[in-house]
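Each of the next two complexes has chain A plus one other chain: chain B in the first, chain C in the second.
This part shows the complex of A and B:
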């Protein structure tokens, strides 16, 4: 739902901007901004599939790099499924390239990413 | 068949014969070198203690271990503390709290005791922290970075006879030698460039120094041990065929080396993490025996190893959050 909201927000903003209607802009922007904030309120959860997490030198290395990444609020490991679960604060998105870079800096290869918007608390 | 044809056939036959003879010589040699037999009986597990938890005597991921004068020091990584026990597993004391301040710990990893002090590789805080054996914080060496004397996730530390430190600088792909106050002396490996050639490292995890000053490096992801002379020359390396980052579960092969310790007779004990075993070698790299516990969870058991003066071996079992005491069976007539 939140993802759809963001898509709608983007389409609306572009449409309004292209028509150059300042009235529309001034009326709708606050509403759209509020909508946008609501849609992102709970942050994002990323499930990163990474091989070789069992070794603490590896998992602590990933944890260390993500701890230094602004906006990251939590990191967990699911060794059974080979997943690093990263949560971000509201309004913070990490691009796949950024995730790939952090995982590569930790000495791993990112095998896949699942992204899920979190409900606001 | 004419004479020329017969000559060519004979030549080809000779080449095949020579190749077969060569294989007959090389294969048994390779088999002896790469698939060695056990030369000692395996150790047996005599005691274990701990279990997952936060209370004294329990662990949340033990990642380092050291022994001294009847006491066992354990890095309790996720609890950000060091716990101390006697050889029977009785809890004696603990120190360290989570944080970045002096004496606080990020993720404590491999440990070393030298000169009556405990050296802790503080993986998250990029420093070596030094404590008295009673647990009082003494000093800290190093800081974050990749310059001389700086660290990016130190995994293990060893102390030379003159007090110099050797540090396995994990993400910087090197081993540094530093003066006791942290001044840089030299390094092995190329900073931040992993490599499999001799003298290069791929995520070094631990180090140990022998009485003659030779340096033993647990070359983590290269699945091998490299040994350097006191003057810095590479002496030898072992672990799989040609020690060229070929991992496996055969005797003498490794699958990620996470800790290294020297026995009272100079024997080398290596924590072979993904193979859930400790392997024992002579100082020359000749395989002697292997032992370990099977994992019950999703992790692995042989994380760190330490050897007491009487040859008793202590292992930090990551998977079971326990410490294990292993002993060699007493020879009987």
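This part shows the complex of A and C:
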């Protein structure tokens, strides 16, 4: 759904700018932007590169912390690659500072974040 | 200062020797079974810990069951309270001395699949137990621990010093130094929700000073013991089971003292 809405937004935006109509722009852009927002998407997936993850038992603190965070719908671990995958509900965003804090409070170090929009189920 | 019959004094430092080894600081999380490790709880994390210690030295047998509660003030600072229940040969049993402890991780270096850290540790064994079940004094323990853990290998090193308070009978028990060198291996690198096994081998050394009573050194006190201690840690998500046995490999106790036959420990731990 996010992919489709982004495509539609792109097509309309190009069309509007080619006509150089500011009226069209001012009327349609808010609607199109709303349509393309993550309200239509299925949430966000954060792929966290976390250093210090050596054992499953010690990683539990990260699970506990994220599960207490409102809007988090799922969490997975790939200990071999040092990855923590966190998924959020529709419309819920976690800032990098927030992610950094959660990982630090769990006793580990956040090295990087990849963010990806999820499609609606 | 009160003078006491020699038998009471002997019983005092005799029981101290065994209990000191058992209650010198229980392990936590992925720390050694008998030694001290640098691990701390995550911030606002709660740990419930149930421990069972069994030791034999000559005719003497001790069983200590310990309930512990720990809390993570920050991800680097944990506080802990421990209440032991002592069952000693000779029909003495009941609540032992309450212990309070804290550990602060002052250094940590994280890499992909590895964590190296150092912590300092402090503990007070309060004089709360009834006669014969505790040490009849408040003791303090300070220590420092280093730990390296990876997906496969573990190694730890720790040094603790135990300052023993004077008992109400005027017995000044010798202080104790504890040294731990530990290696561990995870043969199979398990995933997050899979059962995880770590095998450990510890070398635990204990050097105890001479006890004194009214300025006189007690001949049957003090000395050194070294143990080789195979151990195992099994975990599943937030639950851990740890167990190990200390076998004496070298003993040089002064005077006439019973050397340890063995010490065994079983621990259950939940993180919440």
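By definition in this document, the second predicted complex is superposed on the first by the 80 of 121 C-alpha atoms of A that agree within 3 Å, B and C clash if a C-alpha of one lies under 4 Å from a C-alpha of the other, contacts with A are read in each partner's own complex, and residues count from 1 in each chain.
The criterion applied here is as follows: contacts are C-beta pairs under 8 Å (C-beta built on N, C-alpha and C of every residue); 3 or more make two chains touch, one makes a residue touch a chain.
Since this is a predicted model, take the numbers as computed values, not measurements.
Undergrad: So if we stack both complexes on chain A, do chain B and chain C clash, or do they fit?
TA: Pair status: clash.
Undergrad: One more residue to check, A:57. First (chain B), second (chain C), both or neither?
TA: In the superposition, A:57 touches chain B and chain C alike.
Undergrad: On the A-aligned overlay, A:87 touches which partner chain: chain B = first, chain C = second, or both, or neither?
TA: In the superposed model, A:87 contacts neither chain B nor chain C.
Undergrad: Looking at chain A, which partner touches more of its residues: chain C or chain B?
TA: C
Undergrad: May I ask you to decide whether A:108 touches chain B, chain C, both, or neither, giving the answer as first, second, both or neither?
TA: second
Undergrad: Looking at the overlay, which bit of chain B runs into chain C, 22-30, 58-66 or 130-138?
TA: Comparing the options 22-30, 58-66 or 130-138, the clashing one for chain B against chain C is 58-66.
Undergrad: Using the superposition on A, tell me which residues of chain A are in contact with chain B and, in the other complex, with chain C.
TA: 54-57, 60-61, 63-64, 79-80, 107
Undergrad: Which bits of chain A are touching chain C when the two form their complex?
TA: Result: residues 51-65, 76-80, 82, 104-109 of chain A touch chain C.
Undergrad: With touch defined as at the start, can you tell me which chain B residues reach chain A in the complex?
TA: Counting only chain B, the residues touching chain A are 61, 63, 77, 106-107, 109, 123-124, 153, 155, 170-171, 203, 205, 220-221, 256, 258, 273-274, 297-300, 303, 318.
Undergrad: State the interface residues of chain C toward chain A in the complex, per the touch definition above.
TA: Its residues touching chain A are 29-30, 39-45, 74-76, 108, 110-115, 149-151, 186, 189-194, 196, 198, 235, 237-238, 240, 271-272.
Undergrad: Which chain A residues qualify as touching chain B in the complex?
TA: 54-57, 60-61, 63-64, 67, 79-80, 107
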